[in-house]
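Note that chain A is present in both complexes that follow, paired respectively with chain B and with chain C.
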Partner chain A sequence: MSTVTPERAPAAAPPRPPRPPGRLRRAGALLAGLALAAAAVALQSAAPEPGERGAPLTSTGRVGDEVAASRFTARVEAVHAARSVEIADAAGAVETATTSGIFVVVEAAATAHREPQKFGRPVLLSGDGKRYTATDKVDSTLDIAYPYVQPGWWTEGVAVFDVPVTALTGSRIVLAPGGGGFIGEAYPPEAEIDLGLDDAGTQRLIAAAKDVHRLEARR
Partner chain B sequence: MTGAPPPEHEGPRDWFAPRRNRPAPPAPHPGRPAPSPDAPWAPGPRRVFPDEQVWPPPPRPSREEPGASTQPFPAVPAVPAVPPAPAVPAVPPAPAAPLPGTPSAAGAPRAPVPAGAAPRWRRTALLACAALLTTALAVAIPAWEDYRFYRSGNPAYRIHPVAPGGTGTLMHVAWRAEVEQADSLPGLGPAKPGRKWLKITVTRTSLDTEGVLRRGAPVIEVRHPDGRAWRAEVTGNDLPPEAAEHEVGTAYRYDVVSVVPGDVAGQVEVRVIPSTIRMPLEESTAELLKRAGTEEVEPQDRVLLFRR
Partner chain C sequence: MTSPSGGGARRRRAVAVPLAALLIAAGLGTTAALGGFAEAPEEPSRRLGPGGVVDQKLFLTRFLASRTVVVPDPYGGTGKRFLEIEAEVTSKGRRTEEVGSPGEKGLLYGKSLLKVTPVAGDGSVPVSVIPDVSVIPDEGVPSTQLHPGTTSTVVFRYELPRGQRAPQEVRLDVGAFDPSPESFTGADLGLVLERDGKAAGAPPKVVARVTLPVRREGSGR
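Up next is the complex of A and B:
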C-alpha cells in the first residue's frame, strides 16, 4: 500500500521526540511493577504465621529481675527443688505431695499497673521445648495464680511444678493473665523469666533439693 | 428490438443465430470483441463478474475512494489520539509523501502534544487521588469494623458525676454510696501494712415500677482519679429474693469490701454501673423464652461516679 505503516515510522525516524520518552516510561513502569510485586512477595514472607498471629507479647528476664509486661510486673524471688512438698493449711492439717520426678517450687511476686489482674496457671518451659503446667498436687490458695494482683503493692505466691529431672536445664517460667473471656485476647502480655538453670545451676539445684519442702498456708 | 422488419428466408439460419442484416448487439462488456455473426460459437474463457447493486441506486461517492488516489496517507501519530487543536492548521496536501524530518512532517505529530498535555496531567492527578482514596478506604473500613467490635465489649462510658454524699438517679433508680476506711474488718482481720480496707455501702431506691424492673446487680468499681482500679467484692445485699416483695421507695443495700493502698484510701471513688437488664415482676419460663432475643439490648455504658 501507499500508506506509511506504523512499524516503519520509528525505524525511519529514531530521534523523533515523543517516542523515546514513551519507551523509557514503559521500561520504568515495568521496573516499578516488578519492584512492587517483589515487595509484595517479600512482605508476605514477613507476615506472621497463623500460629504467631495473636500470640502473647513476651517480656523476658532473669531471677530477681522485675519483668514488666504491659499490664503487670512480675519477679521471681527464689527457686527451690524438693522431692516432696508438705502443705500446712490454716487449720494446721498437713498434707504431703510426692512425685517420681522432682518438684520445682518458684517463689514469685507480681504487681499490676492499672487494673486488678489474675494469672492463669503458671507454665514451666523446659529446655527441650516442653511445657509443664503448675501441678495441682498443692493447695491452689498458695498459688501465685490464686489472688488478684493489684496496683500499689506486690502480691506473693508460689508456682509448684512436678517435672522430670531432665526437664530442669534451661527452664523458664511463664506468667500470663488468665483468659477469662469467651473471646480470647489477641497479643496478651506475658512474662517469661529464666530460672538460671544451666548445667551447673541444675546440678546445684538437685544437690540442694530438700526431701520435704514445707509451704505454709496464708492468714 | 427496433429496426427494419426482418427479411424473410435469406438463407439457412440457426434459431439462435443473430439475424444477418441486424446490427450486432452491443457487446456485453467492452473489450470483449463481438463474435462475428457467421463464425460458429465457440466457448471462450469463462469470466465471473461481481454482483453490482442496481436498485436502489448506490449513493454516488462524494469523495475519492481510498484506492483511487495516488496521494499517500500521512503517518498518523499513535499517541496522543486527540483531535488537533483548532488553531493548528491541517496538514497541507503535499504532492509527494511527506518525508519524516521535513518541517511539515515534524510539525504535524508534534502539534497535538500541547493540547494533550493538560488532560494527561489532570488524568495523573485523578489517578493519584483515586489511589489515595482507595487506600484510605481500604484501611478505614476494616479499622471501623474492628473499632465497633471493640466497642461492643468495651463501651465508651458516659460518666454521671454525683456530688459527695449526694444521690445519683439513673434509669428510674436513685443510688447512694458511702465509703468507710478501716484498718481492720470483722472476719477479714487487719489490713496489711500500707493498705486500708474500704467498707462501701451502695444503696438503691426504685423510684417507680420501671426501676423495680431494673433490679439486676450493678457493677461496682473502686477507682482512683489517676485510672488505677482495685477489686470491689460484693459481700452481700438485702434485696428481697422475690421480685413481688421489692417495694418502690425502699432503699436496698449492697455491702462491698475493697482494699486499697493507704495513701489513696481517702481519694478513691466508687463507680456504679447499673444493670440495663429489665426483669419483669412475674414471668413464666415460656414467656421468658418467647421474650428472649426480641428486646433491644441497651449498652451498659452509663456510670455513676460518686465523688469523695
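Up next is the complex of A and C:
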C-alpha cells in the first residue's frame, strides 16, 4: 500500500487580518439595513386585507364602452327606468310587476373570449355600496344571465333591478361569471359598468321613467 | 453553614400570606355570592302581540297578523288550508337577501323565526304544520327578495294537515342576525344568527316572543 501525499499548496503568505471596515462602509451598511427594513414594513401595507383576498378582479367602464375582463367582454347599451314591468311569456300571457321603488332596466350585451361563459345574477351596486341583486319578478329567460355567452358574437339580454329611488345616483352594474362550484374561484373576473347617473342623470332617468316597460319572452 | 439569626431581632409573624389568602377567599366568596363569573343575564326577551316591532339588527320586522286561508283546488277537489303569518320586513343590510323558510331548520331570513308554535284553543300544541312557501305577494308578481332599504310584506305559509283544527294562536320565537359575524378565512358567511353566549354550540338568542291570534278567513290568494 502506498499513500499518496496530496500536493502541498505553495506556501502562501500568512493571511492578513481583515482590515476593520471603514467608518463610511459601516454607515453605508447601516443605511442599507434601515432601508431594507423600511421597505419590508412598507410592503406590508400593500398586502391584501382579509376581505380583499380572492376578491374579484374588476374591469371598469361606462355605458357604451366595451369592458374587457379576463374571460369575457361586456357592454351596456342603454339604461331605462320604469314604474312597472310587463312581461309577456311565450304563450302570450301577460304579467305586470310593480314596485314601491323603481325598476331599472339595463340592456346589455356580452361576448366570451375563448370558452362559453354564463353570468351569475347581475348586481346593481348603488352609490353608497349596497348590492341589489337583479329582481326575481321578471322571467329569468330574459336575463343576460340566462344564455351562455359564446365567443365570436355578442349575446344580448336585460338586467332588471327593483331598487329604491335613493339607490340610483352613482350606481354601477356588476357582471361576473356565476359561481359554478361549491368552492368559489379566487380572483374571478368581473365587469363593473358605471350607469352614468350623477344627480342630473338620475333626475333625467326618473323624469323619463315609463309607466310600463314591456319585455317580450324569447321565441 | 450559617444558622438563621434567631435570637437578636424580635420574631416576625408571617402576616402577608394569610392576609392575602383571606382577601382572595373574601373576593371569591363575594363573586360567588353575586352569581359567579357567568355573564349577567341581559334584558329578558320581549313579549309582543300583533303589530309588535322587533329589531333583528339586519332587519326591522313588524309582525302584522296570522290567519288561515283556504286555497281552492283548480281541479275541483276540496282544496288546501294554510296558516299564514304576515310580517312587514325592512332590510337594513347592505345587500339583497332571500326570504328563505322559517323554523329550526329554516334558511336565510326565515331562520330568524327560530320556533313557530301553533297553539290550539285548549292550549295543546297541534300536530306539526308543514312549511310551504314564503313570498312577498303584494307587487303584482310575487318575489322572494328583500332588497336593502326597502320594506316588503312577507307571508310565511304553512299547510294545515287535512282534518286538523286550525290553531287558535301562533307563538313565534324571534332571533336577531349578527351584523358582522367573525370569519376565520374572510369568507362570506351569509346570514348568521346571534347566539346565546359564546360557546360553540350555543342556541340562537331569542330577542322577542310574539304571539299572534289566528283569524279565520275564507279563500286565500
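Structure notes:
In the analysis below, the second predicted complex is superposed on the first by the 187 of 219 C-alpha atoms of A that agree within 3 Å, B and C clash if a C-alpha of one lies under 4 Å from a C-alpha of the other, contacts with A are read in each partner's own complex, and residues count from 1 in each chain.
The rule we apply is simple: a residue touches a chain if its C-beta (ideal position, glycine included) is under 8 Å from a C-beta of that chain, and two chains touch if they have at least 3 such contacts.
Everything numeric here is computed off the predicted structure, so don't read it as measured data.
Contacts of A:Pro151 after superposition: chain B is touched, whereas chain C is not reached. Once the two complexes are laid over each other on the shared chain, residue contacts for A:Gly101 go to chain C alone; chain B is not touched.
In the superposition on chain A, A:Ser45 makes contact with neither chain B nor chain C.
In the superposed pair of complexes, A:Pro164 makes contact with chain C only, with no contact to chain B.
Put simply, chain A uses no single residue to touch chain B in one complex and chain C in the other.
Within the complex, the chain B residues that touch chain A are 70-75, 77-79, 97, 100-101, 106, 109-110, 113, 153, 189, 192, 194-195, 227-231, 259-261, 264. Considering their complex, residues 2-4, 6, 8-9, 12-13, 16-18, 22, 113-116, 148, 150-153, 181, 183, 219 of chain A touch chain B.
Of all the residues in chain A, the ones that touch chain C in their complex are 50-51, 53-54, 84, 87, 95-101, 126, 129-133, 135-138, 162-164, 166-167, 184.
The touching residues of chain C, when paired with chain A in their complex, are 94-96, 139-145, 147-151, 185-187.
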